[in-house]
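The letters A, B, C, D and E name the chains in turn, as written, and every chain counts its residues from 1.
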């Protein structure tokens, strides 16, 4: 194995571009996935049974079939119905819809972890259902859903490689193309692996930082610094 | 000919890797491996008094498995080129050309592997030699200040063909036998345009770098297979034209 | 006992949990500015009754009237009702992810739309009133039982409700604090606050109440002016209950 | 698209066998993954810092690099160090180790959702650390981690397709190869998709059943039936 | 005040939370069979002191002695100590995933190794003693406050500990139930149970206590035989505290 070659690959525009595409796919799929997941998770708690049924079918269908099929379907079958999307857009939509189904389950478990008493107390104060969700349930659920969301995020980094099936030039396809020209598989895969590890590391660091921020005890130190700062401001204010 | 005594995955057996998604060379029918390469290696093994043990995997797993000592050879219609020859040793056994295929009716008005490709989208399959050919065409177009060729690389041949069928690509580069097989299986959908090109690209059986004993054994056995007419019979069986022969 | 038009009224409230009937048709009317104390054995349904009054538990039958009008069964009506009613829970139910001040500030900010700054002032004022101004930055699990209870009282008062429902508001408090809470309640009463208080603390009941409601096994057994009740003008069951008080 | 062909594929031995392999891979990887994940999650709470470091590195490495590499590595690179495992075993080990990293995060979030007061109460009764974990923390965490574990399980069904890179004939490889013979791509993929959907449906049903069972309120009905049954037995006992 | 060798003893216990000192060197010795009642204002450190005694909170300095021997700081010693000590938490802390009977059965089964059957008998016996035999199948969130508190008492008693620590065991109970709990405790005392009780209920303290310990701001201010304390033989601070009691 040649380390020089790995290094060359790492700094090559092709690999860098592939990594960018992978990152872009992951982040957009994640953002839309969380939004979709939240909607579905809330629908699962709806009192109107057909809505619950809809949510269940969504989760069943999109978790149940491979993303690969979903990508191929959106890219190759939808045009038959007059909907013609670019490869990248097809990929993003497929990944987001798929991610949404997984996120829905994660968020559902997080919402369930917040005790009923906490909701009741918020209701007693006159908050609406939406207010209870926003100010009480979600903040408390957040800390619990963060690790599995981190899983999804890092998993999506790898799952996004499946979009090579519609020739979107993401990282792994670049590596495979490079390797198939000269059979330097280990070098090409190592270079891609290093990129994946680097991106995962960034995501994990982000997750760890968010977890610390959402821990009320730890965020107090920060708050006190902020308050400390505020305390300084009036001495400047000379009204 | 005789099989080397040592250095094999399993003594007395040719353990070969194959990515069986490339008709008519290797594919599956009713759950069984079949195709020219499969018959060919069986004929070679008979000459070597060896058994065969196929390992059917994805194309991208073949080289690591050979280098990791999991396989003795790769028998998967691998195209030879100088860069690849730095990684493995090849025993060539056929030369095949390539063709440009478009949708039936030629909606994109492509006339062959020429300037009519500039500005068009070309699908190729990962692992084939056609990707480098298409990229060369892209460069040629750019050099002539024409619109570039969009080269799309798909993981398997089926993905590439599907793309052409759905009109996502304007043309596809594939091996002449591969294209012939598709046109036979899926009639009235595609058509070949222009003439065959790079008709002397060789495909070969790959061995680990420096595995001279096995190389010698394979070469000797292939000579025997050619000599007794089996090679020619197999070409006919799989509807390959006589022009592909190296012998 | 006042004879004003009642501010809040429960009529024939029934509540079942599965097969168990927790409330068997309870009716009670509370006049503006009045303080009613609910007493009764553990498990007699006092907490459930309070929760039915602000519709946190939807009654199985019966209705709640606020200012003489029946409150609708839709969610929006319940929210409107609860904005007029403050509640202190038996187990406090402070928000675990917010510190003491934030617990108090939440509803004024999110329901009344006060600025963070104004809400903060209100919170600190109330915390000072219950003598834990220095615990403003502490999270619920860093507070002693009595401190949590005082935050819960402050949180409910911050909304300046027309009616307060207290579920054993002094259970975790020492005699000194009980007296202070009593003083706070007396002040609020003087300002016209209407209160329903569940308590086991008979000394506290005696001082706070205009009227005593005695419950047992999901029924209201007795309703008397405070002086009469503790003066002995009660039925046999309530008498037996009162006799158990330890001095 | 020919429905007859899809049907033929569905009942063909090749597809059935592929589905079996996929199921086998998924279930074994899941079982070992949960065990590994539990160990790692507990190590993350260890008081001895190097153990925590070890757990972190494990999660980082196995989440950070694609499973594909892990499979190729175990199958093709380890033999160079004298460790020679069969393709199937390599696949199972790679998938399990990978799954373990994801499970560790999920379990960590579940353990965190159990309040400290519940542990303290159990300690006060004289339970050991292990007893607290087994009898208090895990049962309470279980309901919260079930949906994300369901995600992993169903995700693993798809991820296991990656082992085709070491010649394990799982479902998707069978589908691709079948399509390579006659280019009936949609039919082959649909047949595989139906198998995936069926397996996912079984998993989802299992998850829903477990969730209901772990809900104390609902399991009471069951318990009372059991007690009812017991109540009948003494009438037969004539001592 | 007894002069026996103390069964359990706290010596110079200090406890800090971050910058806040909750206990400033508290010492207390409890003789076998003795009942000590801890009183003091909310936030004075009573709960913290109890939790230090069975090492649920590790003291920052000072030590705990059981039967005259200092208890080690390792986890195993703490577990051994806790098996001799029962505790009723101020907020009950019932196990949410277990019903009332199972809450009580857990420790006898998993710590003492009793059979499910025997543990069940013990649980039902204790539930009957606290008069909620019919709630054996109810989960904590289906119980009223007072019912939860009684399950918590039963759960601690099921281990037949040598020492009981009660943190406000009657805060959620009505006067009748308080008297019954008092009776239970008197019976246990007669059988030789050693108890430390935190309470705000002065009537209860007066009846239950052999000795009163008065805490304030993390310090033990006063220790007196019960009769003396309520008889008025106390310092100024405790007197002021007692004067606030409502009747």
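Here is the rule we go by: a residue touches a chain if its C-beta (ideal position, glycine included) is under 8 Å from a C-beta of that chain, and two chains touch if they have at least 3 such contacts.
All figures in this text were calculated on a predicted structure; none of them were measured in a lab.
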| item | value |
| --- | --- |
| Shared chain contacts [subunit C and subunit D, defined touch] | A, E |
| D-E against B-D, pair bridged by the larger set of C-beta contacts | B-D |
| Whole-Å gap separating subunit B and subunit E, where each centre is the average of the chain's CA atoms | 82 |
| Whole-Å gap separating subunit B and subunit C, where each centre is the average of the chain's CA atoms | 82 |
| Computed distance of Cα centres, subunit C from subunit A, in Å | 45 |
| Length of the line joining the C-alpha centres of subunit A and subunit B, rounded to whole Å | 39 |
| Two or more partner chains touched - positions in subunit C | 91 |
| Junction residues of subunit A - those touching two or more other chains | 72, 117, 189 |
| Multi-chain contact sites of subunit B, meaning residues that touch two or more partners | 60, 64, 67, 159, 162 |
| Subunit A-facing residues of subunit B, complex | 59-60, 63-64, 67, 81, 83-84, 86-88, 123, 126-128, 131-132, 152-155, 159, 162-163, 166-168 |
| Complex contacts: residues of subunit C adjacent to subunit A | 54, 56, 75, 78-79, 82-83, 85-87, 89, 91, 93-99, 106-107, 110-111, 137, 139, 155-156, 159 |
| Residue ranges of subunit A touching subunit B (in the complex, touch as defined) | 72, 75-76, 79, 87, 164-167, 169, 173, 176-177, 179-186, 189 |
| Touch list for subunit E against partner subunit C, complex | 17, 39-43, 47-48, 90-91, 132, 142, 144-147, 150, 167-168, 171-179, 182, 200-204, 206-207, 241-242, 244-247 |
| In the complex, subunit D residues that touch subunit E | 117-118, 120-129, 131, 135-136, 139-140, 216-217, 220, 223-224 |
